[in-house]
Amino acid sequence: MKAVSFQIYKGETFGLVGESGSGKTTIGRAIIRINEASGGQILFRGKRIDGRIEAALDRELIQGIQMIFQDPLSSLNERAKVDYIVSEGLYQTKPGLSGAQRLSIVEKALLEVGLLPEFASRFPHEFSGGQRQRIGIARSLVMEPELIIADEPISALDVSIRAQVLNLLSRLQKEKGLTYLFIAHDLSVVRFISDRIAVINRGELVELADSEELFTRPLHPYTRALLSAIPIPDPIQERNKEILIYDPSCHDYSKEKPAWREAMRGHWVLANGQEVDSYLKLAPIPATEQT
Amino acid sequence: MNSTTVLEVRDLVVKFRLRGRVLTAIRGASLELYEGEALAIVGESGSGKSVFTKTFIGMLDQNGWVDSGSIDFEGRDLTRQRTEGEWMGLRGRKIAMVFQDPMTSLNPLVPVGRQIGEVLTLHKGMTKDQARSAVVELLDRVGIPEPASRSRQLPHEYSGGMRQRAVIAMAIAAGPRILICDEPTTALDVTIQAQILKLVKALQKDFGFTTIYITHDLGVVANVADRVAVMYAGKIVETGTAEEIFYDARHPYTWALLSSLPQLGVKGQNLYSIAGTPPNLFNEIKGDAFAPRNPRAQKIDFEYEPPMFEVSPTHHAATWLLDPRSPKVDPPPAIQAMRARYQGRAS
Amino acid sequence: MMRAPDAEAMKAIDSRLFEFADYDASAGERAGYSNYSYWRSTLGMFLAKRSSRLFLWMLGILLLFTFVQPFLPGQRDPTTIFNDPATGMQYRNVPPGGQFWLGTNSIGQDLWARIWSGTRTSLLIGLSVGLAEMLIGIAFGALWGYVRRLDRVMTEIYNVLDNIPTTVLLMLLAYIMKPSFQTMVIAMCSVGWLGLARFVRNQIVIIRDREYNLASRCLGTPTRRIIAKNLLPYLVSVIMLQTALSIPGTIGWEVFLTYIGLGLPVSIPSLGNLVNEGRMIMMSEELRYQLIFPTVLLSIITISFYVLGNAFSDASDPRNHT
Amino acid sequence: MLRYAFKRLSQSLVTLFIVVSFVFLLMRLLPIEGYFGDRFQKMSKEAIQAGLQKMGLLDPWYQQLGHFYSDLLRGDLGVSNIYRRDVPITKILAPRIPYSVGFGLVAVVVAMSVGLTMGVSMAKHKDRIQDRLGTFYIVFAHAVPLAVYLLFVQLYGTSLFKLPLLFDKYQPLSWILPGISMSLNGIAFYAMWMRRYMVDELSKDYVKLARAKGLSSGAIMVRHVMRNAYVPMAQYLPAAILTTIGGSIYIESLYSIPGMGGLLVDVIQRQDNTMVQALVLIFSSIGILGLFLGDLLMAFFDPRIRLVKGEGSR
């Protein structure tokens, strides 16, 4: 990982896109403090949350930031009942609850994610991938977090299930004013759900913009290559599209080092001055608008 | 399109025995494969699409068997082949297969070149030396740089995309008539995925084989397939040319598959989604298997299994919606939008 | 050829069926229910095998009898030397049958009583060693696997102990201490926990970074509850297997140490002592029963533990569950 | 490969140093009568102290360790106290080494060839009669203590096949029983793991692909599966050597083979401390050597092992 900076605004969905090994998961885990950041700062509600922090802040963070995992098979404890899995966080944040109170919170959370309350007494083994993923979502919901880090939440699910989970995430965002950091490798999914998108390549952010802006005016050659590779479910368009291949050696950084620059309002790109100019001149019309 | 039939499957039923219970994985699927075409079989996990194609090369797992139906290929009924010897003349030679995960489908301890060479010495009767130079040519053809030195390396020295290229080289080495690609790109990054699909398409043009793609991703299908077959719960529920499936789908399951793609969604609105999960194949399925998940299901869907209705000579769908007596049901908005766009473009 | 709808059959269908049916969205959600419980399935799988049921019964009856035997009527003391009242001579090497069911040994002790007494001693050693190994092994293994900072040191300790052949280390420890019951137990514990510790460690390393543990950390669950709720339940079956296997192992070591002369004093009957006594006279055919009887019982016990341990470990693997 | 071997060798030397020092220090706890033998009963306290002083046993432990190492480097393992009083231990050991090494090698080779073949055949005929018989043997060999079933090998070997009861180097027939005894456990061990690895390998994707290529199941077995299953087997070589050492101690003594294992039992029974120390150190070194060889073998078969550590992950 190289140095990476970005801000996530309250109530938005911030998409982080990159291919395998790009470091996108590392960023998510650094924010939720599973991995330690070796340098730099992470701020949440204006307070620094990396490195050593006080116990009170720690509690606040556990409550305020939650995570949804990629693999619905391994992200639930097979030896515990749904009841315990969903309520696990309450033991820390609300230690005084009685069993009945906890159960009612669990049942409410299950209903919210479209599952039946009677599932509370069952084991994860009994559920399908989509249902398990929703149990995982319920588990983070009971904490009433402000920020949810969703690390590839639908990539391990069946196609017909993905839409359910995406819809659920959007609905919960509207109802509860959640903020999402949505990490994925699939640009079409990220475009659908995100307000802003950051593209990461080999541990470096290369571009960041509002999602429609990014799709209509991708600047960095890597972003352009990624966009060109998205499969389009339309045979005529798809057969005629041109695939761009990103060659990392296309940059000439001998004279001027690249920097994180704001090429247009709110549209950032990793480039040197000369490159920014040439990118803007190109300002390509993306394939998706040709129709 | 050439309309000579290469392979014809009729009413195939495949069953598995699992811990004392019998599961019907394929429930009477029929399909034709035409010479030189690219056919995509689309379905989610558990729909039986992999099992279906495995019967073409006799590679069902030990506990599975073809219960009834036939598979005609070059005048033979493949379901009647029993011995290893009968299959060996076919596997890799006439029908080749590329598997999903290139990371695990090569033997980690044998040099890549040697693994490809095996096919040549086996099916083309080459000597080891002949095979060696043929392998280098093949590797070059599938776009592996420095093929001569690369062929001596072990799989772990290859990247994921390169491995899949090597596996493809292996599959086409004996000049098969049919190439089956089982989710060839799911394990790869999007950029690599596009390159691999392009490669297979180019090879198909050069070598003239017929391709079957198995995939769950309709986006991939649009790029490569001439024809699409949609599979649900062990049955083919709709077949048609790529245009017919994408612009004029008739089966509600196809609608669901298409319109749940985020590419077709409108931001800020819900994606069209289908509730529930596919049926348990251990149980007897009555009527239309998709009915319990279909909000617009009719009573007949729970009683009788729908036959294949003909939409056009190339387009068939198994849904009671095509019966003239059924009430009219409009496809979801995303499907209508696709159709409108297509018609707009055509006029 | 695609099947065309059969016109006749189609017409016969009641047209009233072409109406929308009621739709219940939650029906799809219910589909997955199977009423599964991990422990119930494990037990079910375990008992489903005929061989496990057989060995379970055999071992159960054997263990019960071993501990009940001294309280049954008509039992003799295992260490008393019996004299023939007629001649006043010891009942030396009396063959099985009649007065002494399994005969007597070379100094006139009742073999039947000695075998059961020996089994008690050996099982006691086996169980205490198994239990102690379990405690040490889990504690060491859990720390080794879960606390990353300790990994280097503990790996080094393990390597050193593992590099000395177990037999040699065991002999050495038994030699340094004087032969006694405690010596046996301590020496065997010192060498036996190693395997379990590594096993537990490897398991924990595998489980430690699974996503559900990360989830627990995100939820702020304290380490002790992660260990109790997330890790140990996965290890119980493994631990039980290892403990079950350590019992036949321990009995084997006991026989070996006794052979070298580092075992229990002759005054305490144990399976090791009995086998060793039998070995000295095994070349004479008519006395061979003194070797056969103890070894048969010993083999039944060790094989039962071994087979049951493995059957349980198979049954506890969720991949084998229906 | 050479670099890996060198790295691994230096690691082994460090381990050897630690093990030797550890065992040496453990030896300081030996009962002191073991330095004097029968004389011990009659000796006065002063005489004992003087004797210990003379042997350097009252020095601080680090001095003793230093002496020990400087002697060791000169190839001096000290003298025997009781077994053959004041004879240098190296002299006692020298004629015995060929027997132990010979039998040990034969045991490992026989166990490997028979065990691996058995494992392969069990995997090939999984759930059929070969597999069941093999499994029965494996359960028996693992569950019934070595010390017990080897007695029966000796017993019935001599009574049924009229083979000699004790070892006699001039009579080749007498080599058979100890040779078999030493391999039996190893055979079970190798067969069990080989079967398990073969079954594992058979379920892997590359086997599926090899089948799809049109290779016959026989060719897949030989060219792919067996080869790959041998690699993890290499890691069991050291363990097999370790258990062979353990077994040889018992077997050499059972058949009165004049090797080092039987000697260890002898000197323990006769409480000769310096001999015990020397033998324990030798056996521990063989153990470390075995681990080292096993690792080299693994790296030889599987090049990924030597690369991964040097270059980090991928």
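Note that the chains are named A, B, C and D in the order they appear, and that numbering of residues resets to 1 at the start of each chain.
Assume a contact is a pair of C-beta atoms (placed from the backbone, for glycine too) under 8 Å apart; a residue touches a chain by one contact, two chains touch by 3 or more.
These numbers were taken from a predicted model, which means no experiment stands behind them.
Chemist: Looking at chain pairs B-C and C-D, which one is connected by more C-beta pairs in contact?
Modeler: C-D
Chemist: What is the chain whose Cα centroid lies farthest from the Cα centroid of chain B?
Modeler: D
Chemist: Rounded to the nearest whole Å, what is the centre-to-centre distance of chain A and chain D, using the mean of the C-alpha atoms as each centre?
Modeler: 55
Chemist: With chain centres defined as C-alpha means, what is the inter-centre distance between chain B and chain C in Å?
Modeler: Chain centres of chain B and chain C, defined by C-alpha means, are spaced 49 Å apart.
Chemist: Taking the mean of the CA coordinates per chain, how far is chain C from chain D in Å?
Modeler: The mean C-alpha positions of chain C and chain D differ by 25 Å.
Chemist: Using mean C-alpha positions as chain centres, tell me how far chain A is from chain B in Å, no decimals.
Modeler: Each chain's C-alpha centroid was found; their separation is 31 Å.
Chemist: For chain D, give me the residues that contact two or more of the other chains.
Modeler: None at all.
Chemist: What positions in chain B touch 2 or more of the other chains?
Modeler: In chain B, 275, 277 touch at least two other chains.
Chemist: Considering chain C alone, which of its residues make contact with at least two other chains?
Modeler: If we look for residues of chain C contacting two or more partner chains, we find 29, 31-32.
Chemist: If I apply the definition of touch given earlier, which pairs of chains qualify?
Modeler: Every pair of chains meeting the touch criterion: A-B, A-C, B-C, B-D, C-D.
Chemist: Along chain B, where are the residues that touch chain C in the complex?
Modeler: Per the stated touch rule, the residues are 19, 30, 32, 239, 275-277, 279-280, 291-304, 307-310, 316, 320, 323, 325-327.
Chemist: What does chain B use to touch chain D in their complex?
Modeler: Those in contact with chain D are residues 57, 59, 84, 88-93, 96-97, 99, 101, 104-110, 118-119, 122-123, 154, 156, 167, 170, 174.
Chemist: With touch defined as at the start, can you tell me which chain A residues reach chain B in the complex?
Modeler: 19-20, 128, 130-131, 158-164, 166-167, 170-171, 185-189, 191-193, 225-226, 228-239, 243, 245-246, 291
Chemist: Along chain C, where are the residues that touch chain B in the complex?
Modeler: Contacts found on chain C: 1-6, 10, 13, 15-21, 23, 25, 27-29, 31-32, 322.
Chemist: Taking the touch rule as given, give the residues of chain D at its contact with chain B in the complex, in rising order.
Modeler: My answer: residues 204-206, 208-217, 223-224, 227-228, 231, 301-304, 307.
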